[in-house]
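Several structures are given next for inspection.
Here come two complexes built around chain A, the first alongside chain B, the second alongside chain C.
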Partner chain A sequence: MEILNIEDLVVDYEVQEGILRSVNHVFLKVRKGEFMAIIGESGCGKTTIVQAIFNVMPSNGYIRQGRILFNGTDILSLDPESQRRIRWEKIAAVFQAAQSSLNPVLKIKDQVIDTVLDHRQMPRVEIFERAGKLLKVVGLEPDRVMNSYPHELSGGMRQRVVIAMALLLDPELLILDEPTTALDLITQAQLIETLQHLHEDLSITMLMVTHDVSNVAKVADRVAVMYAAQIVEVGSVESIFYNPCHPYTIGLINAIPSVVGDLSAKKPIPGTPPSLINPPVGCRFHPRCPYASRLCREKAPELIDMEPDHIVACHHRLDVKRLQHEVI
Partner chain B sequence: MTPPVLQLKEVSMVYVKKAFLQKICVEAVTKVSLELRDNEILALVGETGCGKSTLGRIALGLLRPTSGKVLHLGTDIWDGNSRKSRFIGQIVHQDSYAALNPVRTVYQTLRAPLVRYGTKHKDVDEEIRKLLEFVGVTPPDYFLNKYPYHLSGGMRQRIVFARSIIPKPKFIVADEPISMIDPSLRLSILDLMMRLNEEFGTAFLYITHDLASARYLARRGRIAVMYLGEIVEMGNLQEVFEKAKHPYFQALLSVAPIPDPRAARKIRPLKLKNVELPKAGELPSGCRFHTRCPYARKICTEEPPRLREVEKDHWVACHLIEEVPKWTLALER
Partner chain C sequence: MLIKKILISVFTIFAAMSLTFVLVRNMPGDIIYSMALDKASTEGIPFDVAYEEIKGMYGVGADDPLYVQYFRYVANIFRGNLGDSVQYQIPVIRIMFSALPWTLLVLSISIVLSFVVGAIIGTLAAWKRKTLLESFVTAYASITDATPDYLTAVILLIIFAVNLRLFPLKGAYNVDVTPGFNLKFIISVLYHAFLPIMAYTIENVGGWMLMMKASATSVLGEDYITAAQMRGLRERRIAISYLGKNAILPPFTRLAIAIGGMLGGSALIESVFAYPGIGFFFGKAVALRDYPLMQGLFLLTTVGVIVANLLADLLYSRLDPRVKVGE
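And then the complex of A and B:
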């Protein structure tokens, strides 16, 4: 069962230099109850997908085509009021640098009340009870936090407050955009544990967008890899990490150092990510790809099934494994 | 024997913040002693606010420590009242965009220091090409007339490194040089640092919060772990990673991300008593880690532990070294 189904999404930004296509014909399915992650480097369009799901594009951003089906209904075709109802009640999101998305001049409890009352009628006592429970779930002391102003809390605590607030209205889908950046290692680990816990105990569907490959390895069930505005590979976390088929995925995983294991085979991907204003013709990865052929320079590959639940957009997906050893 | 390139002797730094009618003193670095040997890579790791950047700036002579000595090749750089210019150290910052002059081309950026450091005018062009070639900005001619905003983060950081080696520094302080660079390119910058180290013998003080990158870069070097202004563990990197002894470093290692689903799910984070760092300006008594340390005893709250050499080139500041469980991160893959 898909809870979220993105079909043929195209998003453009109008910038000084021309049209920047930030999301290029993206198809993505998120199943009910799973922990899905989108990984990609900065500027690959992953945050734009989140903004499109919420239909909160910056003023120079335009959704050109595509459908975003939430439980079968196209969110983008709804009127603004119905869209507003879905946001936070059905789909909640914790945006990048959520630490700073709290109102600095209101106590946490007032922000909690505002959030709930904006969507439904509920006595204050009940709201406090619910908020208290959620704050406990994310590992905070409700009494102390509710009466604090945001500046009295540390970055990690604020992050967790925002997550608790995102859960206030019992959403079915929680979207997290770079939840771990700007947090210290130990705080990061605690947050990741909290997310795992939420996912398992409250069975909330999660969609995490990040460039942190290592954290994805720890929590995700399924992973989508994005490169230059396109999805290049989707599969279970095991198949992505142990049996990657797209040369970009292979290169990316091999470019992340680790605190355990052998480092001698690690190496960076040559070249740099392309500009999205003038992306390369054909496969967008071909200028950096060690296996690129004429076909890659001329024709863009489509996402094709490799094995059950593992799709790859590469002309040479079948040979890559074999070639990998020859090239190195 | 030649003296080490850089030596810090019991260096302390106290920042004084003037607030309304009162002064707040924040001790950023407390009595740190450190040595950077010729041709060595030393990784200085710690979390935000542990004083590692302050220490980097002190090492270069950009900041004057409140107490303690900074020696470059055995000479006290603060001997007397003003800083003696030695120009044996260089720094590379995190933000390469801020580090480069936005209205100068790559050519202009590199030309000025070359001329200043004695390259003849007729050789400058050739020298710049060689430099760009070396740091991997190729083909050089294509990049000569580019401005910083034309370049990607990785390219800009390479230019910064090219510029930093022009005065032939004995050491470079690299303060989080890869944290703003795309993950797929981070290793290439670390590789560049390793090549500079091999080719020119430049020593590196690599300041980072990313343990995995420290392990990658300083694999033949050393590591120093900082916590709240003090060094808690230091020594040969391989040794320290394999036999981490300080509970703080063990805790850091236990949460360090591993890009491998099975291994990452197997490791349990070391449970700390308290996740939050103590507030700045309110340093705990005794061992500064005791408020979070799961093994803390009475002695830890009373007496600050000293850094002792527990094995050859492995220094630890902890009262309970014998009692803290042995560290194992040796996972079968």
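And then the complex of A and C:
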């Protein structure tokens, strides 16, 4: 059963140079109870998908078409007040740059109270009790944190506050947009562990958006790979990491530096991601792809089933798969 | 750190006081010469006699070197003596005390009114971007910015006082009422203050709007605004506690300066309405080179601005928890 079903989503940004299509006909399903991850390079449109789910676009961003079904209801077709009620009550998020997502002139407790009271009638004592419990879950000392201003907390602590705030209203879906960027490695590891616990203990559906492939391997059940505003491969975490079929996915995985082994074995993908204002014709990955043929330059590939629960958009998926196994 | 701030303020006042003294004394135009010429012809006495008399009247001891005059001036200030006004022949201090209440009345109402209205409209214009309100704010601010304040005052005077006769032409209260704490007097005072308040507010509200709009627009780009929207907070709450509360910080500093500058009055507006505030006397002092009065009023403005800045520093740390007092 899908909790979130994104159908044919198209999002444009109007920039000085023209129209930048940040999300291009994206289809994506998130099943109830799973931990799903979207991976891709910076600027591939991952964060735009999150913004579209919340329908909170920057002033130059426009959702051109598509539906975002949450438990079967198209969020985008709802009136503003109903949309507002879904935010945080049903879908909560820990954003990219969560460090700066707290209001600098309000104490944490006031921001907690604001968040609860705009959705529910609840006595303050109960709000404090609930917030205290959640702050403990994410490993913070409630009394100290609640009476602090954001600048009095460290980056890692603020991140945890934001996670605790995301859980205030018992959301069904928690979206994590680059939750570990801007944190040091130890804090990152602790945070990933906390998120894993939350997922298991509270059975919240998670959708994580990240470029950090190694963390995805640790926590995700299913993975969608995004390249240049499009989804190029979706599958279980095993099939994506052990049986990748898109040359871009292979490139991403090979680019992870390994702790053991030779650093020179790490192979970055040649070239740079294409401009989304003037994307390449045909398959968008062809200028960087070792398998590119005439077909790739002319016709865009569609997402096709490779095996159960594993789809890929590549004309040469079978060759890629065969060669990949030979290399290994 | 507070002590340091206060010491710096005291030093600044002293420096400004000295600079004012030098500047005022070096203003072009020898008022004594022209007044003596006038006196000599009207009273039919020799020019030299008239010149000496006028000089004595000014009490500047103009024969003494400038630095002697300066030390005398400073010493007198510490005794609370700012000298006598040349044209009114009464102590400058007395003029100040009689004029200050009028200026404070008109300007405190005007400044608070224009700041509050400007802040609200500016925030709304930034929040509801790409609407008519935004274009209105920009248009209004550029028009009032290009219109000198005395022109606004004259236009108001012509329409509401001369043609419609809704408001009085001049003065601070009706001469028929007895000054004091009675309803008639208070009503008369407010009635007379209305047009000057309007002139000042119309002239200044645009600046606050623009400043607040610019500040709010930059705050809108902050992550915590998007985060607040994603958290599903009510629009009203986001606009006030998240946008407004952060955007008000830069204009607030300017407000402090405006409040300090208030002690100097608004020379042109007060002159148009013949409103007996500090600005009105400022105009008179400059026109007649009334050195003691000018120096006294300049000193008042300087002290006002500097003290207001000091207070703003202290208050700012209450508004923005990231700032500690004295930083």
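By definition in this document, the second predicted complex is superposed on the first by the 317 of 328 C-alpha atoms of A that agree within 3 Å, B and C clash if a C-alpha of one lies under 4 Å from a C-alpha of the other, contacts with A are read in each partner's own complex, and residues count from 1 in each chain.
Following the convention adopted for this analysis, a residue touches a chain if its C-beta (ideal position, glycine included) is under 8 Å from a C-beta of that chain, and two chains touch if they have at least 3 such contacts.
Fair warning: this is a prediction, and the values are worked out from it, not measured in the lab.
Peer 1: Based on the superposed arrangement around chain A, label chain B with chain C as either clash or fit.
Peer 2: fit
Peer 1: Mind working out whether A:185 is in touch with chain B, chain C, both or neither, as first, second, both or neither?
Peer 2: The first partner, chain B, only.
Peer 1: Quick one: chain B or chain C, who's touching more of chain A?
Peer 2: For chain A, the partner with the higher number of touched residues is B.
Peer 1: Taking CA centres, what is the chain B/chain A/chain C angle in steps of 10 degrees?
Peer 2: One gets 80 degrees for this angle.
Peer 1: One more residue to check, A:7. First (chain B), second (chain C), both or neither?
Peer 2: Neither partner.
Peer 1: With both complexes superposed on chain A, which partner does A:119 reach: first (chain B), second (chain C), both or neither?
Peer 2: Touch status of A:119: second partner only.
Peer 1: Going by the contact rule set out at the top, does A:273 touch chain B (first), chain C (second), both, or neither?
Peer 2: Touch status of A:273: first partner only.
Peer 1: Between chain B (first) and chain C (second), which does A:255 come into contact with in this model arrangement: first, second, both, or neither?
Peer 2: Once the two structures are laid over each other on A, A:255 reaches chain B alone.
Peer 1: I want to verify one number: the closest Cα approach of chain B to chain C after the superposition, in Å.
Peer 2: 5
Peer 1: Could you tell me which stretches of chain A are touched by chain B in one complex and by chain C in the other?
Peer 2: none
Peer 1: Give the list of chain A residues in touch with chain B in this complex.
Peer 2: 41-42, 154, 156-157, 184-190, 193, 211-215, 217-218, 237-238, 241-242, 251-253, 255-261, 263, 266-270, 272-273
Peer 1: Looking at the complex, which residues from chain B come into contact with chain A?
Peer 2: 47-48, 152, 154-155, 182-188, 190-191, 209, 211-213, 215-216, 219, 241, 251-265, 269, 272, 275-277, 329-331, 333
Peer 1: Residues of chain A touching chain C in their complex?
Peer 2: My answer: residues 51, 54, 56, 59, 84-89, 92-93, 95, 97, 100-106, 114-115, 118-119, 149, 151, 162, 165.
Peer 1: Over in the complex, which chain C residues touch chain A? Could you list them?
Peer 2: Residues of chain C touching chain A: 129-130, 222-224, 226-234, 237, 241-242, 245-246, 319-322.
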